[in-house]
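Chain IDs A, B, C and D follow the sequence of writing; residue 1 opens each chain.
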Amino acid sequence: MITALTPDEARSALLEAICAIAPETEPGSVLPDRPLREQLDLDSFDFLNVIIRLHERLGIDVPERDYGELGTLKSAVDYLVRRTAAAR
Amino acid sequence: MYEFRMPALGADMEAGTLVEWKVKSGDPVRRGQVVAVVETQKGAIDVEIWQSGVVERLVVAPGMRVPVGEVLALLRTEGGEAPAGVAAVPASPAEAQRAATAPPAAPPSASAPAERVLRISPSARKRARELGLDLATVRPPTPDAPISLADVERAHAAASVRAAETPVQAADWRGQMRAAIAAAMSRSKREIPHYYLATDIDVTRLDAWLTAENLKRSVAERLLPVVPLMKAVALALHTVPELNGVWTGGAFQPSSQVHLGMAVAMRGGGLVAPAIHDADRKSLDELMANLRDLVTRVRGGRLRSSEMADPTVTLTSLGDLGVDQVVGVIYPPQSAIIGLGTVSERPWVEHGALVVRKVVTATLSADHRVSDGHRGALFLTELRTLIQEPEKLG
Amino acid sequence: MSAASGQSAKITYREALRLALREALRRDERVFLMGEDVGRYGGSYAVSKGLLEEFGEERIRDTPLSESTFVGAGIGAALNGMLPIVEIMTCNFSLLALDQIVNNAATMRHMSGGQLSVPIVIRMATGAGRQLAAQHSHSFEGWYAHIPGIRIVAPATLEDARGMLWTALMDPDPVLMFEHALLYNLEGELAPDAGPVDIDRAAVRRSGDDVTLVTYGGSLGKTLRAAEQLGERGYGAEVIDLRTLRPLDMGTVLASVAKTHRMVIVDEGWKSGSLSAEIAARTTEDAFYDLDAPIERVCGAEVPIPYPRHLEEAAIPQVPGIVDAALRTVSRHV
Amino acid sequence: MSNATSPVTLLKEMLRVRRFEEKCAELYGAGKIRGFLHLYIGEEAVAVGAMQALQPEDAIIATYREHGHALARGISAGVLMAEMYGKYEGCSHGRGGSMHIFDARMRFYGGNAIVGGGLPLAVGFALADKLTRRPHLTACFFGEGAVAEGEFHESMNLAALWQLPVLFLCENNLYAMGTALERSESQTNLCEKAESYRVPVRAVDGMDVAAVMSATAQAAAEVRGGGGPQFVEFRTYRFRAHSMFDPELYRSKAEVERWKQRCPIKTCTERMVGQGVLDAASVAAIEREVDEEIAAAVSYAESGTWEPVENLLQDVYTARAT
């Protein structure tokens, strides 16, 4: 069951997933336009775990070809809003 | 109206079959008159009625089997009203008693003596002896309960975990790890004469196969590219056993099992290389699950030291960060480390033409005391061959 | 029974016993039945109903109310080549024949240095539950199980009611068969080819890993119901039907205890000096180190059986009491 | 009670027994009375007639078919009915029920449900009286079925050997449960069995209350006179089945009907009406009184209490002061 997300909701869901994987992350200090993997020291496993968590929480299945869209916080939020709106 | 019911003719009679009516509707009956015949387990019994009146209606037809207490016939009584006769089987007095009485309180336990004798069940005592477990260390769930078999099993399991999991204070954790890495790497460079080989491997087919494979899978089941590469490395080691084993006591001991150490960076610095046991014999899904579990725990800081103890070879992959190649330092007492760089699109010459291919650079650092370059090259060649047929890596 | 149809038929315990009697009477001319009211009256529990008409007065013999003598006569006939089946109306009346059973039937083989056999089967009803008060409700099978030289069986199922008699008759030694009076109306399916069964082994009527419930005869049904309730609470109860009370098949009991480590014995007989005491004692002798909790016993209260229903119910094992005892063995809060 | 008991009283006593037991049969069908219920209907003249010959100090031992004896002895119908129900107000606090009626104040000692079980006890009662030089006797009721048990023979012998004051009262209703006398006894003349032990005997029509009373009184007088035990055989018949759960496969309905013509209550009533001692109105008045007594007994039992389960283990041993 997918529900449409506002940008704020998408941001908090994403940051919640990241903090679960990388507990030392300060949500307020994540820069919207810098690549997440560099900023937060996420490796491919961390990234996969974030995707899995989003799937569990939001029901969104991010295909591999869309991984690039989750490069930064901003692009990832846009992506999640778009995906959930489409599902409505 | 008086209800004439199937009488209980014996303590163990539950039902009877109406064989015959001796009266019909409209007949007057006297108290004590035999009005029906009922067949029971013991035979046919004449049944009397205990109320005078006129039969209003026969409710049950001959041949029917009815339980005790069931209405057989209705009787119109002379006064019109049936006397307040005794009609129904009473509710079980015991039930009434049970309902009315609270369960008896447990008898008060004897006042605890100053010094308690340890109360231990016989099977708990026997099991503790088998396990060599000191019963004084076993705690029952409540202080006054005896020690049971389950308590012993639990205590044993906890002791095993404690033995394996030497708890490390968080504050010392990084410092100790740094010191351990320093010691291991210094020893490696001091003692192990390394030689190094590198080769570029076309992984276009692997990439395409993996993409197709992952499309079929849900998020949680997807494979990372490193997983088939791990399997290929583990299998390729069969060709050159000198790369898989430990140097101990001045000689190399090859290992029949491939325990593949995976170098995993700690968040914020530090490195561990825990083993995935029998990597050559595991399916890709199993490898993925093992790796995910390991990495998640390493990066969450929850790795058990026992898991780091026994790799027979190490694989390091720095592909995430875009480096072209990594040339590793061997973890003593192992004899080889394989490095994988980033998978990237590169110009590639094939059959005299320039094409774009997905390529990864694989390196081998090996102990020259154990093997030499030719053997190492054989390994990399086998690795390349295996990677070309990803579907066979299953 | 329509054996030709090949279907199993609905049958009562009483009818299964009757089938067994009929089979025995047909199979061997040496077999005869005697006891109080077994003929014209059809048996005080209607077990032998119809047999007089089929087999005649020679072989279906009504006796006077002379328990000591007709039981002793059965023993004598057995010594002299017959295969008598003697019915005693209830085990309470068997006390009048105790001398013949204990001093004669049980001892003949031994006293004669192995020369003599007493192939008699003595059937009797046992047990409470019908508000028959203190002279008609007792369970003396545990008492008889004290005596070397006799074999004690307690059919608790239709198969055993049908199958134990012939095996018992073929046993060269005296066999006492205890039929719980509340079982006579037990109804169920019985295979048309059901026949003789062994009288040596206990049977596991339900398997489970957490606690062993040992019982027999009239308490089997209650014990199985208790096991169901324990299952609903997450505990696997193994139910053992002893079937033969002497000699006891302790192998089956001990194997179960080795698995479950806990034991509850359910017996309508009184606790003191009883069958349940014997089983508990042998378990501690031979399986002490398998036990993880004290053995529990759910037995008859130490009182003659009273007449009122609520007191009678309280005086004999009931399902809630069995469940509670089993829970005490699996609970760590003793 | 004495030999002077009037015929009207005898009739009323028999009616009390009859109506009480008819009510029991009804209550049994309704599930109010459980266990075994052995009715005495048809045999009332024996208990009622014999009881007139006994003194309050005499001991009485009976069988499991003893409601009539208990009533005739004077145990109140209400207390008796409460026992039938299993209520605490019953004479045995409900512990015994139909087969085990005890009332020590009435010197009524059961209520024995093992055939023949009461005879040795009676010998012992009499022995105690003899040893203590008390001038009482012990009346022991038993059915003809008990004659087959060893206890009968052993008791008869011992009582005669020791010259004990026992009144052996044999109620011969012709059937031991379902077995006819001639199918269980080689010698159907029961008096000859007793005589063989040198016990003086009498045989009486048990359907005639006056004859019963007279024969028992004579025998009792002999016992009291120090002549040792006496044996009286009452030839009687139970109109109903052995117990409630008995299809009566062993006797014909015609036979039962023949005996019913000799119903002791019927013949007694007819005789007194014929003699002008009673008329229809007075018979109806007796019936009414008896009905009221029985109705009151049922109410008493209905309103009785169930003994608490906590008391279960009481009365197994003497209660000791703690």
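Operating definition for what follows: a residue touches a chain if its C-beta (ideal position, glycine included) is under 8 Å from a C-beta of that chain, and two chains touch if they have at least 3 such contacts.
What you are looking at is a predicted structure, and each value in this text was computed from that prediction instead of being measured.
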| item | value |
| --- | --- |
| Relative to chain D, chain with the most remote C-alpha centre | A |
| Central subunit by CA centre of mass proxy | C |
| Top chain pair, ranked by number of contacting C-beta pairs | C-D |
| Chain centre separation in whole Å, for chain D relative to chain C (CA means) | 36 |
| Between chain A and chain C, centroid-to-centroid distance (C-alpha), Å | 73 |
| Distance between chain centroids, defined by C-alpha means - chain A, chain B (Å) | 30 |
| Distance from the mean Cα position of chain D to that of chain B, given in whole angstrom | 74 |
| Shared-contact residues (touching 2 or more other chains) in chain B | 11-12, 42-43, 93-94, 96-97 |
| For chain C, residues that touch 2 or more chains besides their own | 42, 130-132, 308-311, 314 |
| Touching pairs - complete list by chain label | A-B, B-C, B-D, C-D |
| Touching residues on chain D, where the partner in the complex is chain C | 34-36, 86-87, 94-97, 99-100, 112-117, 145-146, 148-150, 176-180, 183-185, 246-247, 249-250, 306-307, 309, 312-313, 316 |
| Chain A contact footprint on chain B (complex, rising order) | 211, 214-215, 218-220, 222, 224-226, 265, 267-268, 291-292, 295-296, 299-300, 319-320 |
| Chain D-facing residues of chain B, complex | 5, 7-13, 32, 40, 42-45, 48, 50, 68-69, 85-90, 93-94, 96-97, 101 |
| Complex interface listing, chain A residues touching chain B | 21-24, 37, 41, 43-46, 48-49, 51-52, 55, 61-65 |
| Touch list for chain C against partner chain B, complex | 12, 14, 42, 46, 49, 130-132, 181-182, 184-185, 261, 288-293, 308-311, 313-314, 332-334 |
